[in-house]
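Structures incoming, each one as structure tokens.
Next come two complexes, and both contain subunit A; in the first it sits with subunit B, in the second with subunit C.
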Partner chain A sequence: MTIVAQVKGLTKRYKDTTAVNDVTFALEENKIYGLLGRNGAGKTTIMHMLTAQAFATSGEISVFGEHPYENHRVLSQICFIKESQRYPDAFRIVDALAVAASMYPNWDPTFADELVEHFALPRKRAIKKLSRGMLSSVGIIIGLASRAPLTIFDEPYLGLDAVARQMFYDLLLEDYSTHPRTIVLSTHLIDEVSRMLEHVLVIDKGRLIIDEDTDTLRNYAFTLAGPATKVEPFLSGRRVTRREPFGSFMTATVIGELSAADRQQIEAEGLELLPVSLQQLIVQLTHQPSTPQEAVNR
Partner chain B sequence: MSSLIGDDRPIFAQIAERIENDIIDGVLPEESQVPSTNQFAAYYKINPATAAKGVNLLVDQGILYKKRGIGMFVAEGARSTLLEMRKEQFYEQYVVSMLAEARKLGITESQLAQMIERGGMLK
Partner chain C sequence: MNRTANIVRMHLRNPFMLLALPWIIILSSFTINFIISLFIDEQLFTGGLISIFIFIFVTGIVMVPQTFPLALGLGSTRRDYYIGTVLTGALIGVLSSVVTALLGVVERASGSWGTGLHFFDLPYLNDGSVAQHMMLYFLIYMLFFLGGLAIASVYRRFGRSSLLTSLILLLVVGTLLSFLINQNGWWSNIFAWFASYTAFELSLWTAPLSLALGLLSYLMLRRSVV
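Moving on to the complex of A and B:
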């Protein structure tokens, strides 16, 4: 596998806070990554450092084998679409697209025109007069038509309704099929994108807590429900992320794979076994423990 | 998102199972061409690499084979191989859980046998 970007021991400290703490990962060529985590977890800071828009306090960064800072060779290969992209005041949509066309060597003008039609954007309108959703669409069009070998989308859908978001996902998958490249999607709408992701990175309080193939994560945890007296014995010695008693009934989410023997026991006891979606898993791994019991089990 | 794919198991395994079902049902006859991974990806709205993983699982089992430059095809004898595999899984998947539920409801063995007979009569 070819590695397009790698960070080792990446750390970013501000005065008294550590935004990114000793993060190490590699991005492989032509994979779609999900960079997930709560607000303030450090995702955007990591993306800023990868794209040379912020300096690391310590640690190593290499993108396409080189350091990205003031490195045109590397930066022309990266397209970073930010949630709050700013454009010069006088810019119209056509101007923004023209600048993008000159920045990215792989820019496809025909594809960009198609996308403008898809998203029904008024080409000649000033960008500062666009609605929030239209502004997001401009970012998405630039991100897709640039066909940059490393394309990063940081919450690119603000103001877009469900229909437009689905259009973005469909277009992304379709174009990726014919023009594979490395894509990083940072998003809170995990359920919407989980099927597109090949690999998932989860950041929590500045640290990388999960670096795993999406398929592996599907068997990462399970939820067990049934009479508390039958569920409890099953939980001992396991990592429990959620315990919800309801009268004599108990619902618990457990990290770990089930053996065939486990499954037989669950079946024999008449307990209910439920899958845990990627979104539920991440919510449970990154929320503050709310009871001492949970803290013990973490 | 397509609701054809569930959350309970890895997606590549679900893709493989869907292809298996189509072969068993005769929707995909032997020697017919299987959709490409990009077609699976577009239809189920999943990552093409995941679709490829599901298809390759069946290639490893000799259910599908690759014709270079053309695509994936259903192998000769694939249906009977799959039927054998599924029959073996049938006991684990259906009989064991049926017995557990029967025990829970206090259904005796002979009552269960009668029910199966009755089900067979209905056809």
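Moving on to the complex of A and C:
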């Protein structure tokens, strides 16, 4: 396996806040990554630094073996599609596509044309006059047609309906299978993309809290339901992220893999064992503790 | 080289703003002055030509916020963006200088358009040869363009308050300087110095200033973020 990008101790400090705090991870070649976390967690800042569009306060960055800053060799291999991308006022869709085509060595014009048809975009319309969803489609088309070895989508689907989003996922997977590359998807819609992701990075308040393969994450946590008197003893000494008493019943989410003995005990006690979806897991790991009680349990 | 050309092409995707609009402005100014010159008996000297320089100054300011985020977003280096942008300004500069100087030739040949209108061929400014006019226009043009670019780059790098601070600082320095000149009675010397040179010779003096503004823009853009 080849590492295409690596950051070590990456930190970004503003005057009074630390947006990214000592983050270390590596991206392998031809894998689909999910960069997940709440708004303001630092995802976009990390991607800006990875593409040399922002400067790190400290830490090391290496993309395709080199620092990306002012490095054409590296930058021409990265396509970073961001929700906040601005275009010149006079630009039409064709202009944006033409400029993108000139910048990316692997650009596929036929594929770009197909995508424009797929998303039913009016080529000659000024970008300023596009709806939010159409604007997102322009970004998606550039991201896909660039065929950049490292393609990063930061919230690429704003304003797109469920059908268009599904179309994006399908097109992405289809093109990925014929033209493998490293893809990073940053998104809130975790359930929608969780099946596509091979590896998940979760950022919370500037820190990397999960860096795991999706397969490993399936056994990362579990939910236990049953009479409170039977659930409680099982929880002691474990990391509990959620506890919901309901009358004499209780549902609790616990981090950690179960041993064979645990499973036997659960079965013997007649407790119900439920998997935790990626979205639930991330919500529970990253949401602010709202009561002191909860904070203690964490 | 190809990367620089990409940036030039990106800018020129808006040919109306860069190539057409300044000439629309110039020609409408010319038309109005021409009509006026029809009705008066004296020679009409007009400074309408200055609008082309003001226009490029504004263009220099507007270009960076318009295109810098897209260029960097699509993987351009700041250096390539800078070189491509200055090259675009220079290309339009050459074009405008040649056209302006040639219109001066036409004006002279036509006997001031037959109405005594002096628009492209002015005393003192156009004393030298046609080649000198072209060079003079180009140098002034680049001074205005790079001045605009420098303002945009400082804004890009440090934001609004810092740009205002530096402009105020510039104003204060200018005021102090003119106060000193006043106190010491240097004005006549300064005017004499200016008067001792031709317009062409004076325009050559803008080159170092333009270079300094260009360098400042590069240093600012090199550390700018999107």
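A few points about this structure:
To be clear about the criterion, the second predicted complex is superposed on the first by the 297 of 298 C-alpha atoms of A that agree within 3 Å, B and C clash if a C-alpha of one lies under 4 Å from a C-alpha of the other, contacts with A are read in each partner's own complex, and residues count from 1 in each chain.
Going forward, a contact is a pair of C-beta atoms (placed from the backbone, for glycine too) under 8 Å apart; a residue touches a chain by one contact, two chains touch by 3 or more.
Model, not experiment: these values are computed from the prediction.
Once the complexes are laid over each other on subunit A, subunit B and subunit C both fit without any clash.
By the touch criterion stated above, A:T17 is placed in contact with neither subunit B nor subunit C. Touch criterion met: A:D170 reaches subunit B, while subunit C stays clear of it. Angle at subunit A (Cα centre) between the Cα centres of subunit B and subunit C in the superposed arrangement: 150°, in steps of 10. Contact with subunit B, but none with subunit C, is seen for A:R195 once the two complexes are overlaid on the shared chain.
Using the contact criterion defined above for the overlaid structures, shared-chain residue A:Q53 touches subunit C, although it does not reach subunit B.
By the touch criterion defined above, A:P275 reaches subunit B but does not reach subunit C.
Think of it this way: put the two complexes on top of each other by chain A, and the tightest Cα contact between subunit B and subunit C is 27 Å.
Subunit A residues in contact with subunit B (one complex) as well as with subunit C (other complex) do not exist.
Subunit B meets subunit A in the complex at residues 1, 5-12, 38, 41-42, 44-50, 53, 96-97, 100, 104.
Listed in rising order, the residues of subunit A touching subunit B in the complex are 31-32, 169-170, 173-174, 176-178, 180, 191-192, 195-198, 214-216, 218-219, 264, 267-268, 270, 275-277.
Residues of subunit A touching subunit C in their complex: 48, 51, 53-55, 70-72, 75-76, 78-80, 82, 85-91, 95-96, 98-100, 102-104, 142, 148.
For subunit C in complex with subunit A, the residues that touch the partner chain are 3, 6, 9-10, 13-14, 16-17, 66-67, 69-70, 72-80, 222-223, 225-226.
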